[in-house]
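What follows is a single structure, and I will ask about it in a moment.
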Amino acid sequence: MTALQTLAAALATGAVEVVDLTHTLDPDFPVIVLPPEFGQCARFRMEEVSAYDHRGPSWKWHNISMSEHTGTHFDAPVHWITGRDRPNSAVDEIAPENFVGPVCVIDCSQGAAEDEDFELTPDIIAEWEGIHGRIPADSWVLMRTDWSKRRGAEYLNLREDGAHSPGPTPEAMRILVHDRHIRGFGTETVGTDAGQGMHYTPPFPAHHTLHGAGRYGLQCLAGLDRLPPTGAMLLAAPLKIRNGTGSPLRVLALVPGKDAT
Amino acid sequence: MNRLAYDDVVLAAPHSVPYIRYSNDPAHYWAAKGLKGTLDAAGLRPDQIDGFSVASFTLFPDSAVGLTQHLGLCPRWLDNIPMGGASGIVALRRAARAVQAGDADIVACVGADTNQIDSFRKLLTAFSRFAMDASYPYGAGGPNANFALITDRYMAEYGATREDFGHIAVAQRANALRNPDALMKTPLTLEQYIAARPVADPIALFDCVMPCAGAEAFLVMREDEAQRRGLPFARIDATIERHNAFPDDPVQLRGGWAMDVDQLWQMADCAPSDMDLVQTYDDYPVISVMQFEDLGFCAKGEGAAFLRARDLTITGDLPHNTNGGQLSAGQAGAAGGYIGLVEAIRQVTRTAGPTQVGDASRALVSGFGMINYDRGVCSAAAVLTGGAS
Amino acid sequence: MSKDTLAKLGEALLSGKMEVVDLSGVLGPDTPLLELPADFAKNTPKIEIHKISEYDEDGPFFAWNWLKLGEHSGTHFDAPHHWITGRDYEDGYTDTLDLQRVVAPVNVIDCARQCAENPDFLLTADEVKAWERDHGEIRKGEWVVMRTDWDRRADSADTFLNADDTGPHSPGPSVDCIEYLLSRGIVGWGTQCIGTDAGQAGGMEPPYPAHNLLHREDCFGLASLANLDKLPPKGAILIAAPLKIKNGTGSPIRAMALVARD
Amino acid sequence: MTDPLQPPPKKNPQVRSPLAHLPPVPRSRAALGLTARAAEGRFALQQCADCGAVQYPPRDACRVCLSTDLPWRDQPPMGALIAETTIRISPDLYFRDRMPWRMGTVRLASGVSVLCHLHGDVRKGPVRLILRLDRAGQGVIMALPEQEGPDMADDPQLRELGADPKHRRVLITDARAPTTRALVRALLDAGAATVFVGEAEPWRRWPGRDALAAMDRVEIVPLDLTDSASVREAAGTLGGKTDILINNAAFLRPGGLLERSDTVFAQQELEVNYLGLMRLAQGFGPMMHARGGDGVNSAAAWVNILSAHALAADPAHAGYSAASAAALSLTQSLRAEMRGGGVRVMTVLTGPPDDEWHAEIPPPKVAPRALARALVDGLQRGLEEVACGDVARDLVERWQRDAKVLERELAEGAGR
């Protein structure tokens, strides 16, 4: 059987399960907050156009609006100044094979529970690789913090000195991007960078490094605790927005089912 | 300069269409009933009149013009009198001069209105601009509040009492009991008057008229015409008319009659004491009191005392509103401006039947109309004498 | 075994034995949109893409945009709740549907030739059965998509909608086609035209059979798909996951197919 | 002496909510001048420009000299009550609901007689007149005692001519707005029963929240004007008990038209200032409209706080001025529609507030407490137009005098 035939069979039997890693696009879901003189991330908004009524008798539909970076979303290289001149850096230009790929999950949930400014460091990467093997090139790396279980103000965790949430250090990003050649990096927080990420050098190291190398980001992911450290397949296809810098998307993972051996 | 006398112009064929409280028929129906009644009384066909005068609040969207086609009339003289309680006397004045000048030979004067369930409310909304702008928004909802204020002020200024006004209302009710067509058919005592349900202090139920449907009509013609047809007639000794008199009075305590009273009696060549009966405009008793004062029966402020000392019933020493007036017979819209005049013609021609005042030959009739804002604007009066036919 | 499955999949992807085919059209202001009869006053507005910042005073390091669009704009997914016949399915919204269903093998019925000849071409149940005789039967839980090559017209709303005085003219399924496919237990039906129904489907009985019947059975629709000519008749896996819009009736999507390469 | 108003009893759920009857609405065009002055809180009558005679009722020509030049001029509001009545029977449904009703004739020194409403404490003799909007939104005159008395504002006839917050439940739409604390304080001081304060994005912490939440008779409720579902939900929850709605939500960013290279801030300005108002109106409007006749419990007023530059653009805040103008226009339509329910719609035009977006503008600025004071006073007097702060008053006056001249003057503020 070809890989696709076995996959089809496994999907049909439940031997491969589809796991949803996406937050609901809800008007109340927090978005990143920037200083007010900057342009702001538009929250998700929905206006009913008709609901089987005089506005349209048989059908219901909505008009929706949002930022490219609202909810569970994909960052394309063109999102960051370091990636502005990369080829194929907008969501409509990225080759589709980049939307399906293997995924490594680094569990930082315990550390994040203890320290809201928890950092993903080279040591943690080394420790993970000691157990699971070297991170394969062109794979997604997701930082599990269980941050997606937080609600409301706890999620952004804003204080007067800004947001406090875990994220990678510049050196960790350098290793992942330039040594391991990952395809992209994803987090459960509102950005790929830590809440205090602007204080690193360079500021916002995940954005800086990933996009400068033409790689991708995923943020506001949910339910990373449902993924194995390795062995899952990530399906993350941004909307094909012309010259889009990112996109809300439905992130799925194919994981071994319960009956898996 | 002395005004021209009315000489050989006379009034004849008085006709009252019995009033009813509510009518589904429109004003056109009531005008036709009134016109037919006066023509029948004179033995005339519609094509034999060449003048027509109409007063009505509820003809809208028609006026006298529309009625000519509606009723098949072909007059060479036409008038529409929008003056409410002064309409009858003003119609008389204009018709008499037209006949005198030869512009018309026989003029039929008709005051007619219907009263549908919502007529009063409809009338209010389109009554006058000042009332709409500056009276109704304060809860007046019609003339009750205006006359309450006038009555309040009159009582405060001249010491009149509710009993004084009751004296007028009770006498009129006694008169009305003789009038088979009056809407009020039960006696009224002063105690009942005083105890009545308050409407707008100090006005209570029996100070107010009852709106109804009805019509009043009479004919104006030369004396020889009346003689030829064998019609009893009344002569016009004198008339006056005035509008918007004393605009600077803070509250209306006098009407336009006070400006012209001397001319009235001079032209009539007689005095108030010569009157066998008086028909005042009586939508509220206070205004009747003012008419006695302003028309020279007594000094200003003494009206209440003057009337209290008189018997105002048909058999009394000063018969007043002998058919019950509007207070007891009903107020049929603009016909209310005719009711006293038509009754006076009957009285001086000795054709009043059950309400006839013994040997009445002279009568004073007075009209008052249009609460445009805070007071009545139109006033008029006439002295009539029975003709020897 | 499933671990192996995924490992094999990963290997196939990395080795180039498998290709990911993008089945989506570009979302932009020029994306053609459905136009309803004028008596339904409300149409989907044009897609708007507004710049928020572009490495400038509105945001020094970054570029980003915000978007305004209808749920049923561009390459999109129809959830059962889109139609009155599917309004009562609890899992009929974009945020509640079972994602296991939307990753599934896809049957591609090639009607490109017929559609080139007749823009009002209707695929019938008999033609589907003939296709099954040639390519194998359509199985429960699979996608069925109709290749019309209509995506080649997508750069112009005029040719894409192909409307004249009698309304839009674009191919689609007949009533019996949808009834037959539903009897096979498909998960959903997709086309390359503006909607899952033919341009003239308003006059069918029932009107808009794909919408009406698919959603009545809690099945999904895919519209404005692209690149179906790059898929084999059978053997590809279609991934069509809508945005997780709360109570959404549909969503623009990035539809992809996994295709084995020889 | 006026009896102090008691808190309204709880509504009997088995009794039909009364419909809002309005006092007589029709007016001549001239009389609408009285309405316009009442909306601004002035006591003005027509006065002949040629002979000086004061006119009443409003008219089109002088009753003394027939001049047709009859400008509205402020008048000394003093007069004498010379006749009065207590109306006990009226064919008018509005007054029937409220019998007995006192009215009277007041003589002004200028020689005109005015029929007017009477405060319960008024007796014959000297009185002070006020010109107010009635429940139909039309200008009417009322006589008050010469001297202020205790609980005077509780007079039922006077209360009909305003939207006094006393015992009423108020919704303030934006908890984070810099004016909110002062508004809450002023409304509570004025006797408001409850103040609901809408909070958007509860996931963003903000200073002062705890202090606000801790205040007695204050409830923070979820409400986001940019989210239709949120507004619908809030209206469903609170629409039945919002007597006074105060929309103080505003989004603005400084900047001229040309210096902004996109429409993002403008979109947000419209989203909050204009569409937010529209969502509020569609959510809360119908319910408040239906509750306009609900006795002492009735919905009474809707207040929009807007930049005075809604009248004439400040080129340095181009987008915000435009959004404010849109909101002002919508306010006028809202007022027309709410009138049928007897609910007053008030516009508070303010000058630049003392906040982060007006830091570059020199004083005078509008302090939140001054705004709150003006707003509560406006409610108590039932005004439709309030200009708050010297800058706003100055702007309104210049706008009334010559809108085109004002436009040119404001152009000096343009950036380039």
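Going by the order they are written in, the chains are A, B, C and D; count residues from 1 in each one.
By definition in this document, contacts are C-beta pairs under 8 Å (C-beta built on N, C-alpha and C of every residue); 3 or more make two chains touch, one makes a residue touch a chain.
Being a predicted model, the structure only gives us computed values, none of them experimental.
Trainee: What chains, if any, are shared contacts of subunit A and subunit D?
Mentor: Neighbours common to subunit A and subunit D are C.
Trainee: Mind naming the chain pair that shares the most C-beta pairs in contact?
Mentor: Maximum number of inter-chain contact pairs occurs for A-C.
Trainee: Give the identifier of the chain nearest to the protein's overall CA centre, each chain being represented by its own CA mean.
Mentor: Central by C-alpha mean position: chain D.
Trainee: So what's the Cα centroid distance for subunit B and subunit D, whole Å?
Mentor: Each chain reduced to its C-alpha mean, subunit B and subunit D end up 49 Å apart.
Trainee: In whole angstrom, what separates the CA-based centres of subunit C and subunit D?
Mentor: 53
Trainee: As a quick test, compute the distance in whole Å between the mean CA positions of subunit B and subunit C.
Mentor: It comes to 87 Å between the two C-alpha centres.
Trainee: Whole-Å distance, subunit A centre to subunit B centre, using C-alpha means?
Mentor: Those two chain centres are 93 Å apart.
Trainee: Using the touch definition from the top, which residues of subunit D touch two or more other chains?
Mentor: In subunit D, 262, 264 touch at least two other chains.
Trainee: Subunit B: which residues touch two or more other chains?
Mentor: Not one residue in subunit B touches at least two other chains.
Trainee: Counting only residues that touch at least 2 other chains, which ones in subunit C make the list?
Mentor: Residues 52, 58, 66.
Trainee: So with touch defined the way it is at the top, what topology do the chains form here? Options are line, ring, star, complete, other.
Mentor: Shape of the chain contacts: other, as it matches none of the listed patterns.
Trainee: Which pairs of chains touch one another in this structure?
Mentor: A-C, A-D, B-D, C-D
Trainee: Which residues of subunit D touch subunit B in their complex?
Mentor: Of all residues in subunit D, those touching subunit B are 23-24, 26-28, 30-31, 34, 56-58, 63, 82-92, 95, 101, 103-105, 107, 111, 113-117, 124, 134, 136, 138, 140.
Trainee: Which bits of subunit C are touching subunit D when the two form their complex?
Mentor: Of all residues in subunit C, those touching subunit D are 50-52, 56, 58, 66.
Trainee: Contact residues on subunit D for subunit C in the complex?
Mentor: 261-264, 267
Trainee: Which subunit C residues qualify as touching subunit A in the complex?
Mentor: Interface residues on subunit C, with respect to subunit A: 1-14, 17-22, 24-29, 36, 40-42, 44-45, 48-49, 52-53, 55, 58-72, 74-75, 81-85, 87, 95, 99-100, 102-105, 141, 207-208, 211-212, 235-237, 239, 241-250, 252-256, 258-260.
Trainee: Given the complex with subunit D, which residues does subunit B contribute to the contact?
Mentor: Checking each residue of subunit B against subunit D gives 120-121, 124-125, 129-130, 132-142, 144-145, 148-150, 152-153, 156, 197-203, 247-248, 250-251, 373-374.
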